[in-house]
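Common to both upcoming complexes is chain A, partnered first by chain B, then by chain C.
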Partner chain A sequence: MNEKKMRKSRMQTVVFLLIIIIVTYLSAAITEFNFLDGLATIPKALGWMAGNLLITAETLERLPAIMEKLLETIFMSIAATTIAAILSIFLGLMGSKTTKVNNIFSIFARLIASISRNIPVVAWSLILLISFGQNSVTGFLALFVGTLGFLTRAFIESIDEASQDAVEALQATGATYFQIVNKAVIPQSLPQMLSWILFMIETNIRSATLVGILTGTGIGYTFDLYYKSLNYNAVALVTITIVIAVLIIDSISNRIRRVIL
Partner chain B sequence: MTLLQVKGLGKSYNSETQVLKNVDFEVNAGEFVSIIGPSGAGKSTLLRCINRMVEINEGKVIFDNADVGSLKKKELRKLRTNIGMVFQHYNLVPRLTVIENVLHGRFGYKTTMQGIMGRFTEEEKEHAFMLLKKLGIEDHAYKRCDQLSGGQQQRVGICRALIQEPKLVLCDEPIASLDPNSSKVIMDHLKSITTDMGITCLVNLHQVEVAQDYSDRIIGLRKGEIVFDGPSKLLHEDQINHIYGTELRELITV
Partner chain C sequence: MEAGRTNDLPYIKRTKDGRINIKSGNKIDLVVKWTLIILSILTVMAFFFFNYIGLQWDRAIPETAHNLRVMFLEPALNHFSWGEAFYQVGITVGLGVLATVIGAVIALFLALMAAENLSRPWISKSIRAVVAVIRAVPTVLWVLIFAIAAGLGSEAAVLGMLFHSTAYLVKAFSEAFEEVDAGILEALRATGANWWHVVTHGVLPSTFTYILSWVFLRFEINFGVAVAMGAAAGAGGIGFELFMASGFYFDLREVGFITYAILIIAVVLEIISTQLKNRYFPASTNN
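Moving on to the complex of A and B:
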């Protein structure tokens, strides 16, 4: 790279920054979003939160019911993730360059992955709500479909990354396809796969709340009910239990990750 | 006795470049043959045509009276059990233990189920330990492969090839990633495979001196064609220059 080119690339950075500033300003102007007005509402909003989102002794009585729903949601997320993970392993093996059986299967696997991943989980919830009605299967399926797409994609990458070298060596010994997959590919990509599965369980517990609101299942439904009946104290309690649950699961999965990696 | 015959072998990965052109040679049982030549001469491709890790385009490879190019999937698997392979980058499964990696060499003799379940007979396990001992790494049997040095990993690779009880071992630049000391250890072991166990060795090498020291016979490959084939003592400076297309002085690094 010579001096001229360097100066040019520096110019490009400046131009790029200017463009971002202009676009931001224009977007704010077009949508009539006034930053200062926005700032001014913050104290008031915080005041409302402090005044209404209080957990009183009375709301604590609802805790057992909330906990039950929360556990249901957590187990649903775990079930959706693990079942999706099992299917994703097969799709991942089909889709990966290293282990693909043929191109048709590979394209098929990648197609399933991208369809289920690129439709947001919110859209899946609403679509499935219409077709399956309001029950816990709907929530489960919404999480399952999104997870399947994401995990397949992640597994394809993990398997591709796992070195081709060992696969070649086992082929040269006359090993069969499933022997190679089981003894060379899986051992190498398993830690990464487990890490992705844990990540997906965390993510799903978070999105289970939203999916629950939309499909009327689990802790999301409880949240929605209290919210619509203006019982803000209970809403606060639900929110805090969710936050605590997510924190606990985060720390558990971090610990597991440290052991396996 | 002729173990391997290569007749008019040709290979190209795309229409523009021909990697191998009309390669002809024979290898007798019990020979130690080195293939030398500059990078890109087609050495690796030549080795991989012999156990059909790459498909053969033209010509024939006949190993132990079987036409390698025309074998069906099952027969090919059987053929590969008779040909061990040692790689430049060892090609082990790094997260598994040494003994597991050695036993991988038995997969060709197993049904898919036996392989997946990891069912190995006592004799196979004893054989594996015997080989590890022979190569001086039995103390590391239960260590993970990624904890071993390069030279040790290559010895595991050799064990994996030997436990196949092969008739031929193909070595694709076995010492290219090793320091001089480890290189010597590995070459000594490879040589002893031929002298002690009577297994034929076909070795790709970068180092001309190493090839001259160890092999009975040297094949020089240049741009996909054989330009030298004869006993190592007949390989003189002009032939080396012809193979590499340079003066020997410029070959200091190899």
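Moving on to the complex of A and C:
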């Protein structure tokens, strides 16, 4: 790297930082966010949390009801992820460069993935709530649609990454399309796909809380009820059960990932 | 077992009677198979746990199809103007920017302390544990909890989103820092460079493109989160309008319009992030 190049890259860094500072300043202006107020809030909020988010013996009596809702939420996210994964494998095979049947299907698969991924899960849950009503199926479908888009994109990438050699070798033996997919593509990309599925289950448990608040299902609804009735001890209990559930699922999937990848 | 091994190739696995084992990668296959089986069983079980109160499939499906058609084919604005719509989208993007930029700055310092090759083991372990717990709390809960202490408004939303963004970026950054070639760090330390010199001249230049890419990815996520916070936590912006349009006015045409607005921004962000990845990642392997 000579001196001129170094000076140029330093200039680029300065310009880049300036742009970021300007964008941040504009964002603060439009949202009326005050940095000093924000800073002052943090100790206040932490102090409030330490003082009010305590679990008392009285709230522990609510634990069975909370656990039931938590279980419903966990099941909801697992079911939404698995079923979306099954559909995503087909969309992924259609969308990938190596295994696409023809360009029309490939574009179709990518379009479905892009639309369902980029419309936020909030919009899906509000749309579905109107006609499906306040029950688990609404939450399940909202999670399902978002997961479908994300997993299809991830699966297309994992299928594209799988080595071409095995596919080529099978093509040379005269294997049919399904034989190639079955014996070369799927076995190679399955561990990677499974890793994405596990990641999505973790993400969905967190999103399920949000979807629950909006659609009135699962643990999110329980949280919302306690939150609105100002029962902060129960709010703390709900939050802690969610944290423990997420940490347990996180550690299980990390262990599986360590073996398969 | 030893007797069966005639030409001593250590990488050929053999069974007890000396035959070559033709089932490769047993443990991996086994784990993959069992994970899939357990997931399928849990999925089937899930449908027995759901509550189906008030659900009418025969009514819900055609109604959803009709609603989607109205939304996507006849979008319109009824309760606010185009200018207002741009302003609300701007607020949502602004919330995303603030949470991402402040989060990235804090995460950069925490990640330097959390990376095992730049820090002491006990500091790095404790930061990681705290970060894992923060990440496990859903963002909406952080925002709602902050809203009690700070009052509803952009401060609560940004601070709540900040917690999760920071925790996410600390994990990503510290993993990138740990992949920095140990030789570079050793060479710098051998010249007598202190910790700060090692960071500014060795670690940051070689991971800068990764950091940028992660930050942008997080911004993409934070835009979605900001929409969600508007709807679920009353943080304002386009998400709140979406919530009002669908929950209070039942105005599907307006829901359609807002959905299109969100979709366009999200697609633009995704295209930029793909471009950044294509532009910076091949370059980072060259130098």
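Convention: the second predicted complex is superposed on the first by the 249 of 261 C-alpha atoms of A that agree within 3 Å, B and C clash if a C-alpha of one lies under 4 Å from a C-alpha of the other, contacts with A are read in each partner's own complex, and residues count from 1 in each chain.
Note that a contact is a pair of C-beta atoms (placed from the backbone, for glycine too) under 8 Å apart; a residue touches a chain by one contact, two chains touch by 3 or more.
This one's a predicted model, so the numbers in the text were calculated from it and none came from an experiment.
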Message: Which partner chains sit in contact with A:126 here, chain B, chain C, both or neither? Use first/second/both/neither.
response: second
Field: Which of chain B and chain C A:242 touches, first, second, both or neither
entry: second
Query: Once the shared chain is lined up, is A:60 touching chain B (first), chain C (second), both, or neither of them?
result: neither
- request: Tell me which partner A:137 touches in the superposition: chain B (first), chain C (second), both or neither.
  value: second
- prompt: On chain A, which partner's contacts cover more residues, chain B's or chain C's?
  reply: C
Task: Mind working out whether A:175 is in touch with chain B, chain C, both or neither, as first, second, both or neither?
output: first
- prompt: Who does A:115 touch here: chain B (first), chain C (second), both, or neither?
  reply: second
Query: Once the two structures are fitted together, what part of chain A is touched by chain B and by chain C alike?
result: 191
Statement: Within the complex, chain C is touched by chain A residues 20, 23-24, 26-28, 30-34, 37-38, 41-42, 44-45, 48-49, 52-53, 71-72, 75-76, 78-79, 82-83, 114-115, 118-123, 126-137, 140, 190-191, 194, 197-198, 206-207, 209-210, 213-214, 217, 220, 223, 227, 232, 235, 239, 242-243, 246-247, 250, 256, 259-260
Query: If you look only at chain C, which of its residues touch chain A in the complex?
result: 27-28, 31-32, 35-36, 39-40, 42-43, 45-47, 49-56, 59-60, 63-64, 67-68, 71, 87, 90-91, 93-95, 97-98, 101-102, 132-133, 136-141, 144-146, 148-150, 153-156, 158-159, 224, 227-228, 231-232, 236, 239, 242-243, 246-247, 250, 252, 255, 258-259, 262-263, 266-267, 270
Query: In the complex formed with chain A, which residues of chain B make contact?
result: 51, 53, 76-81, 83-85, 87, 89-96, 100, 104-110, 112, 115-116, 118, 157, 160, 164
Query: What residues on chain A touch chain B, complex-wise?
result: 163, 165-166, 168-179, 182-184, 187-188, 191
